[in-house]
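Okay, here's the structure, questions in a sec.
Chain IDs A, B and C follow the sequence of writing; residue 1 opens each chain.
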Amino acid sequence: MTNTLINNVPKNPVNCNDHLSGNPFLLNCWYVGAWPHEVQGDAILARQLLSKRVIFFRDTAGKVNALEDRCSHRFAPLSIGRHTGDGVRCMYHGLVFNGKGTCVEEPGVKGVSRGTDIKSYPTAEKDGFIWIWPGDPELADEALIPDCKFQNQPGKWDWEPRYRYFNADYRLILDNLLDFSHLTFVHENTLGGSSKIANIKPKTESYDKGVRITRWYLDEEKIAPYLRGFETFEGRIDRWNIYDMETKGNVFNMDSGTAPAGTGAPEGKFVPEAMLFHATQIVTPETETTSHFFWSYAHNFNLGNPEFTTMLTDRIAEGFEEDKEMIEAQQVIINENPDTPFAYIHFDRGLSAGRKALAKALEEEAEYFKTKANQ
Amino acid sequence: MTNTLINNVPKNPVNCNDHLSGNPFLLNCWYVGAWPHEVQGDAILARQLLSKRVIFFRDTAGKVNALEDRCSHRFAPLSIGRHTGDGVRCMYHGLVFNGKGTCVEEPGVKGVSRGTDIKSYPTAEKDGFIWIWPGDPELADEALIPDCKFQNQPGKWDWEPRYRYFNADYRLILDNLLDFSHLTFVHENTLGGSSKIANIKPKTESYDKGVRITRWYLDEEKIAPYLRGFETFEGRIDRWNIYDMETKGNVFNMDSGTAPAGTGAPEGKFVPEAMLFHATQIVTPETETTSHFFWSYAHNFNLGNPEFTTMLTDRIAEGFEEDKEMIEAQQVIINENPDTPFAYIHFDRGLSAGRKALAKALEEEAEYFKTKANQ
Amino acid sequence: MTNTLINNVPKNPVNCNDHLSGNPFLLNCWYVGAWPHEVQGDAILARQLLSKRVIFFRDTAGKVNALEDRCSHRFAPLSIGRHTGDGVRCMYHGLVFNGKGTCVEEPGVKGVSRGTDIKSYPTAEKDGFIWIWPGDPELADEALIPDCKFQNQPGKWDWEPRYRYFNADYRLILDNLLDFSHLTFVHENTLGGSSKIANIKPKTESYDKGVRITRWYLDEEKIAPYLRGFETFEGRIDRWNIYDMETKGNVFNMDSGTAPAGTGAPEGKFVPEAMLFHATQIVTPETETTSHFFWSYAHNFNLGNPEFTTMLTDRIAEGFEEDKEMIEAQQVIINENPDTPFAYIHFDRGLSAGRKALAKALEEEAEYFKTKANQ
């Protein structure tokens, strides 16, 4: 067998390891910072996001605040401090900061010393997530929060919140989510199950907020391994994954499902026994080479049965463990080869479109900060 | 509440994270290198001090020697060597070094090869410590060894030796020892116990060798938590901490006590039931970001009762664990923010005086080495 | 005792820590990459060699191949891939590579995309080893594979394969193997056993491929500790170690033995009860500061007794553990003192000759690559 030139390679493929130079992530956008259940009552949650150490806590009215996790005085972390009223007390020398980062108490004196305020970040709570805006606070418009509506339709969709940590650049996780060809190889016994998947060409489209990838596997013989035992029908299947990836915030909304073959799913007609899923998958960079992964996998059948929701979600989680192993192994090799470009193959069209959208947004943001600095 | 300017901030506060640049520690002074019981018989003790790897061992007359922990030949550590007579044999190729670092034996030949001697350090044993002089040996005058007399009055004061390792810059430990305001917050249930402590203004004085901090807490309702169960009297108390910090060697001698309120302690009159303490606390840098802490906590009551001494010392140690947790957390954040200055608050007067004395001594030493290099 | 100048120090001793600068290892030579039993059936063996991550696997005809352990596409390691036919499939997106590194399959398309081939390395299997050529493949002549004939004489010599990992620069291991004076100190209770060893001067000779070190210990009272219980005779002994070190590939062939004293061993006459050994010891750099050590210890007596071979080899291995501890300790100190030269002593003649031969070969190779780059 000889190497054959494939004609559908784009003329100017984006260099897919562009993550090795320049500004690593967007700042002017809303990112998921936490699940609401992680910040309950008097809890102070510490998390690193976009290379910034942050704490989340609620004021007495329940509103979530985010501050830098560093007392201005001697740099003790506030995450080992104590929740007090609407603020947080540093437990080294007792300074208290409110939700805006203003130092409101210094023991032993009236008022407080100069220069003791700390940085706060805009936050919001919407669609089952706590969001944070790490960039220019002037731009932090809540109308810009990505739509995660699948998590906000109780009674129609059941789901549970999940979290996983990755020792990998967030862009490698985006690549993975935008690519379906790996299902055959990485997820042979979990999410994949059919060698045909690797041969089906997805449709890649751009839209205002990012990229849409559509993949239909029609008239497959068997249901995917992760659904075995959960079947609502017997026989051949039609299966699909339709991914909307929003570049700002790395938000993936996936419309996915398995229906009896030939019952009209591709035309939007769903018979009652069709198993429909709405996955919400969000990647928030921790640092340039580590990432947070927040996700849920909503289903429209077997509702009101939390044990089933947990079982189904566990099956998906098993697949994500396979991704994690592969992506983290990939990251190790990338770190050792910082100057070597990736080869571009036929199936990279989807992830390449995602990378291009990201590169464009990063460029625009760099321009914004440059202009602002010159004002 | 608004930020109010505090007028007692010094006009030119020393930059309290000056540890981030310049020569990190004094070399021309005596530092505690070990407790005598760590270097008994044929023991070879390995320890890193002031970024130098050193071994301590005794000669046949019992005198302690300190050598660099590196054979001149192929850099095998002498700490995995063997004590032999008055010296140490490298157990790789058999070279023997005496207490001056002179190579006195090379197997298979008469005499020894050129260039095989290694560095030795002046040492001394005084007041219950083994001291080492890491700087210019010409200046190593034993008269300069700091006074740790509280450890040298058997029958009047009982104590036991303790050691703790810190993953932190020694200056953060000095800051902590010179500051009492943190007792309320860090040591709420151990050394502190009163929220009033955070509001009492200490007296800060300079003297020829360093800084003295004096703090009196008069007519307190309760004894500190660490003394509960050990009381020699009942009722309200006067309590004090008077710290002498010697800049050279980072030596803290603390005169401390708890007496029945109003019985004259502030005037130097101590009723028999007054509980007096003499703490000796010494910080020897290991590297720029790690430290050794040697300490004891002598008491004048319940003498001749080693179990009591251990119990009391354990209570203090519990408090130091709280400091260690805080200081090491602080160090992590400092490492991540090398260029951000600390904010200065009202209670920093004491530690700021300590930092100033240290900065001055470092400057003088730099001048000394510069002059010497030019001779 | 005073420091005496030793006259037999060479006028220009090679700087024995020259490993601290320049090209760290030879590339244009055959190195041992693996034992054949490590690459059986469908196994894919991952190993880092000469700072390159490599996989070894066999094709259907049993021939060993070596490829870089990195898929060209997205840098997934092929070592977590799957053996398929004569090649290896990357288990991320399914690309298949043959033993030459040619990409022969890309899922979902006919042919393969451009630029997907990866690097392969010349390999060979000879004298009980799998060899790899990390340098210019044009020079990879199998006639250059070092002779390890002692492993290739079944019925005359019994041995078993061993492997040990060192956290140390390979040159420190070569130094150790070329030096016998350390037997007295490091191996007092294992390979050494006599303090006389440290005093016997070895003969050092150069030959075309490297260095030969010869050391005879005549009329010793006792057999070495590692042979106790295995004696074939009683009484005083003659003992010898004759090392041939080939610079290219770091190959040591040692002719060693213990014979009844005065029975003619130094003249090449071996009585039947003489215990003869042929050690094969090969150091392959993993990185600049870590190494692979492949070795065997063949014996001519008690043949056909695998339990005995294991027992004897275990005894030797015990000695190598002592070396490993010392060499790794040495490496730590060297890392902390990159600019300090070693002192040269009387017994360094052997290892110094080895270092000189290596330095010369490194220089010649640098010249080769320079000339080639300019063509």
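The working rule: contacts are C-beta pairs under 8 Å (C-beta built on N, C-alpha and C of every residue); 3 or more make two chains touch, one makes a residue touch a chain.
A quick note: this is a predicted structure, and the numbers were derived from the prediction, not measured.
**Q** Pick same or different for copies chain A and chain C, depending on whether their interface residues overlap by over half.
**A** The interface is built from different residue numbers on each side, given that under half of them are used by both copies.
**Q** If chain A and chain B share one sequence, what is the angle of the rotation that overlays their CA atoms, in steps of 5 degrees?
**A** That pair's rotation angle lands at 120 degrees.
**Q** Which integer distance in Å separates the CA centroid of chain A from that of chain C?
**A** The answer is 49 Å.
**Q** What parts of chain B, by residue number, touch at least two of the other chains?
**A** none
**Q** Under the definition above, what is the set of chain B residues touching chain C in their complex?
**A** Per the touch definition, chain B meets chain C at residues 53, 69-70, 72-77, 80, 89-95, 102-117.
**Q** Show me the residue ranges of chain A that touch chain C in the complex, using the header's touch definition.
**A** Going through chain A, the ones touching chain C are 1-6, 9, 16, 172, 175, 179, 181-182, 184-186, 198-201, 325-326, 329-330, 332-334, 336-337, 340, 342-348.
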